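After this come two complexes, each holding chain A, first together with chain B and then together with chain C.
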Partner chain A sequence: MSTRRLLLALAVAAVLIALSLLLGRFGAYLVRAVAIAGIGALSLNLLIGYCGQISFAQGALLGVGAYVAGNLGNAGADGVLALLGAGAATAAIGALIGLPALRLRGLYFAIATLAAQAILEYLFKMLEPFTGGVSGLVIRQPAFFGLPVASDQVSAAVSVLVLLITWLALTRLTRTNLGRAFLVVRESEVVAKGMGLDVARTKAWAFAISGFVAGVAGGLIGFAARLASPEAFTLDLSADYIAMIIVGGLGSWAGPLVGAAFVVLLPEAIQRVGEAFDIANLLSALRELAFGLLIILFLIFEPRGLSSLLPRLRWTQRRQTPGAATGFGERAGAAVATKGGERP
Partner chain B sequence: MTLALQLAVAGLATGSVYALIALGIVLIYKCSGVVNFAQGAYAMLGAYASYVLLSAGLPAVLAVLASMGVMAGVGALTERLVLRPMLKAPVVAVMMVTLGLLICARAACLAVFGPDQIAFPPVFPEGAVSAGGIFVTYNYIAAGILAAVLSLGFLLFYARTPMGLMQRCAADNSRAALAIGIHVSNQVSAAWAMSAALAGLAGTLLATLNGLSLGLADIGMVAFPVVVVGGLSSLEGALVAGLVLGVLQSFTDGLLTPALEDVLRANTGIYSVGALQQVLPYALLVLMLLLRPQGLFGRRGAERI
Partner chain C sequence: MAAPLPAEAGAVALTAQNVTIRFGGVVAVAGMALDATPGEIVGLIGPNGAGKTTFVNCICGTYRPNAGTALWLGRELLGLSPHALLKLGVARTFQNVASLHDLTVLDIAKLGAAVRAGSGGFFASEKALEAELTETLLRPLHLADVAHTPIQTLPYGRRKAADLARALAAQPQLLLLDEPVAGLTSQEGMAMAAVIRGVRDRFGCAVIMVEHKMDVVMSTCDRIAVMAAGSKIFEGLPEEVQSDAEVQRVYLGEPG
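Our next item is the complex of A and B:
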């Protein structure tokens, strides 16, 4: 990360935070939703886009974060502490889910994460003292560093700040040896082994780091919704997050953010259109239909995602820097593709 | 003892429906390498199609056959329109596109039929038989037998007929199949059509047992554990694992859960273990993946570098 990029990122964050403080309530709600979804999508992107491990358990991991942060916050912990605790707990669970990945690959592992999602959903309902059971856990918004988060605008600013920290940390991570090891494991585990990399440990790190970030995002979801309930963290939520990184562009760092904005704002837009046309009773069906169709159409016609679309439209001849969004998107695709017909 | 027998019969009936859906997933996986999340959607669509045809006054046999025909068309169309353009796409993208199909199908049914459960018109005659102290409605008997017979028939078709042979060729090695003059892409379409038709029938049978609702689509998610336990590429495995899981679920619901809850109530503050039978397949799935990832009947493949 060059100083210039760091400064740029800081400037963008300062502007965004200032803007979110000036927004109306609805605007603040939207910014917060996009920022939190962005954090969750960055976490999943590390796992799927960078390390090549497909996971359908993101929804449940966000849930773990929400429950842990909620319980810590309700017990009187500071918001920062609650988020870090949620991150640590979710990192542990994420690493646990990743254990089968040490033996399984591609398709089989994806199905194993499906099982993890189902089992965690069941536990959310069962562990009543901790999760509040089927009716859910009511969460109080804790203070951050002792400062109360009084309004939606402030909580939006907090979310944007966390998003920025996550983004900086993860983009920095991909320039370390561990980050490069992720890429090698994604491209070929055999090659990684041949290079003397500890594949099992590399994967475990990917799951733990991704889990940590997911836990933080989940904690923020809990604080924002003031409630964590089992039906909020289902497979549908996992699908939302996978859709985000696909729509945005697999394996790039701008992609998850673009995708998060798209997936969060689309239902809102459809809601507005629907209200204008007075078809309120069809709205939920319409929203789902649009979401499903978009996933299908994107995957067929624009598999590299939105984040690769813009540069291609505007600067077709632009010099590609190593690690630029478009290049990664393509290679991420190719690498996961080779794992298609594989047996465990 | 009678309770156990009763549970076993009910379990076998639902288990054979699971098997029907799991067969479809395996068939699609073998032929096109796609793990199809939309199989549950096919079941749901098939059930709604039967409902519409039955409500229009068609005789039960015709209505069910016609809905299977409709579903075969839907299956072939999804393969042609959605999966064919994604032949070279990464595996996560293909899984996601089928998940997108599931979301679309559910939304379409929600828009047309609404979110409420609908009473399914009777397909089989009313009534029940009681033998040896157990009591089984015709519904369960008919659904179980029909599903079991169809599954077996399908296995025979796949193993014995010329078209089954062509299907196996296309699935095993598509280049070699092309070289000996098999129209591989037609075979793949046919596999999708058959899978969707089977799933449509399974959905209709399930609707006769439990009523018609959008929740029918969730059966696709139960079928995944069935498929993996049996072996992702084994049709026989899907059949056996479907029956086993059906019975296990039924026993868990009827025997294990009450027993567990008694123990828990006596010793702890917990009163309910919830829908234990719903997580059981996933627990088995994890166990199977850790102990024998290729499944009960699967073969271990060589790794290509």
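Our next item is the complex of A and C:
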């Protein structure tokens, strides 16, 4: 990573955190929800968008993170430690869920992850001493680095910070041998194997890293909700996350964030419209419908997602200049532009 | 792990014997034998369906042969995975170049170099590796100007060159080329042949090359083996191959 990019990221972090602290309670709540969903979507994007392994178990993995972080926090661990512990535990479970992927491909593997989701949901209900059973686990918000997280604004800022760290780490990851191997495995396992890549090891890493990030996101969900209960981490949640990365654009790094914002804010917007026109009940029923319709429309008209619209709107001029995309400093923008857009 | 032995000139590095693979009732390769020494380019020719590519796939781990041995510097290769083979210094290129959407030419070369220790780590700077790959591989293969271009957007000839760059980035001692000039124009094909000879001269690796274009084979290879119906029917110098009556009959066509 170039120093310039790092400085830019730090500046963005500082601005976003400052803004989060200045927001009202409702604004902070929204920022936190989008940031946490963004982390979870980045995790799933690594697995599906980059490594090509479709998983329906993201909801349950977020749950694992929430329960582990909640228990660690309740036992008096620092928030940072609780999140890292949740990440480690979820990475292990993610790798376990990924085991069938060594034998199964595509939809067959996706079905196996459905089974994993169901088993984990069952375990959430049954492992009472750890999960609190059907009624759930009450979670206390732990301090971070010994500093208490006293308000929603502070917890929003924490979530934004974690999101930025995750984003930096994952975009960096895609520039390593492992990250490049993910892309080859996604395109063709036969080619990956023929090229001498260790496909099993590559997939195992994808599941573990994606699981780690999902665990951290789950931990933040638990801290934010102050409660982890089985009905919060169902297949519906998995579907939401798949929607986020599809709407945002598979395999880009801006996509999951755009998608997360879209999926989190859409219901809020619908709610507002409903309240304004006094048709809230009608619209909340339509929410699911609108959601499904939007995803289908995206798959048809914009398969590369919302994020592909951004470069087209803003970087069209630059992309048409010959050689502009080959300069090294332009790579970040060019990568998004190429991924997002039309290819000849 | 076999250390990269500096093989003596003229010493046989690869000895494949009796390599046999069946798919159901079809014997695709039947008792095939082939040797290769470092610094030598061995051509493997024969009519379609002779089993040339299947033989290469057996050697480099894509298929698991039913019988036979292939010793490389004293180590058995058959049955090892392509990943393990790459670590032993055995690399290959593909007949059809895969479509790898988001990867650039340089990305794919780095993937080839991934078997080398110390490249592509999370905190590693890749500037030095990029410069090295660009100078030693991309420039000779005429790919330096498209180093940061996605493979997908390149014409076929350059994609094949990128695939060769990937195989060479692993610094192989045994290089298996599956139809390196197929699909290229004759001009591109001759340029590719020159590159292959240059690679052999510079790295001193043993090269086995499956190819149909006879002008390229004749001008590039030091020795030629002719396969038909799964086994070797002739082996010799290029000029001997051209004058052999049996080879003429099964492959080059009846005279007159």
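Simple rule for what comes next: the second predicted complex is superposed on the first by the 314 of 344 C-alpha atoms of A that agree within 3 Å, B and C clash if a C-alpha of one lies under 4 Å from a C-alpha of the other, contacts with A are read in each partner's own complex, and residues count from 1 in each chain.
The definition used in the following text is that a contact is a pair of C-beta atoms (placed from the backbone, for glycine too) under 8 Å apart; a residue touches a chain by one contact, two chains touch by 3 or more.
The model shown is predicted, which means the values in this text are computed figures rather than measured ones.
Contact with chain B, but none with chain C, is seen for A:125 once the two complexes are overlaid on the shared chain. Once the two complexes are laid over each other on the shared chain, residue contacts for A:54 go to chain B alone; chain C is not touched. In the superposition on chain A, A:246 makes contact with chain B only, while chain C stays out of contact range. Residue contacts after overlaying the shared chain place A:275 against neither chain B nor chain C. When chain B and chain C are set side by side, the one touching more residues of chain A is B. Using the contact criterion defined above for the overlaid structures, shared-chain residue A:231 touches neither chain B nor chain C, since it reaches no partner. Look at A:198: by the touch rule set out above, it reaches chain C but stays clear of chain B.
Taken together, the two structures place residues 188, 334-335, 339, 343-344 of chain A in contact with chain B in one case and with chain C in the other. Within the complex formed with chain C, the residues of chain A that make contact are 172-173, 175-178, 180-181, 183-184, 187-188, 191, 193-198, 251, 325-326, 328, 331, 334-335, 338-339, 343-344. Interface residues of chain B, counted against chain A in their complex, comprise 33, 35, 82, 85-86, 88-97, 99-108, 110-111, 221, 224-225, 228, 232, 270, 273-275, 278-279, 282-283, 285-286, 289-290, 293-294, 298, 300-301, 303-305.
Put simply, chain C touches chain A in their complex at residues 60, 62, 81-83, 85-86, 91-92, 94, 98-103, 107-108, 110-112, 114-115, 119-122, 124, 126, 147-150, 152-153, 166, 170. On the side of chain A, the complex with chain B involves touching residues 48, 54, 100, 103-104, 106-108, 110-112, 114-116, 118-119, 122, 125-126, 128, 188, 190, 235, 239, 242-243, 246, 250, 282, 284-289, 291-296, 299-300, 303, 332-337, 339-344.
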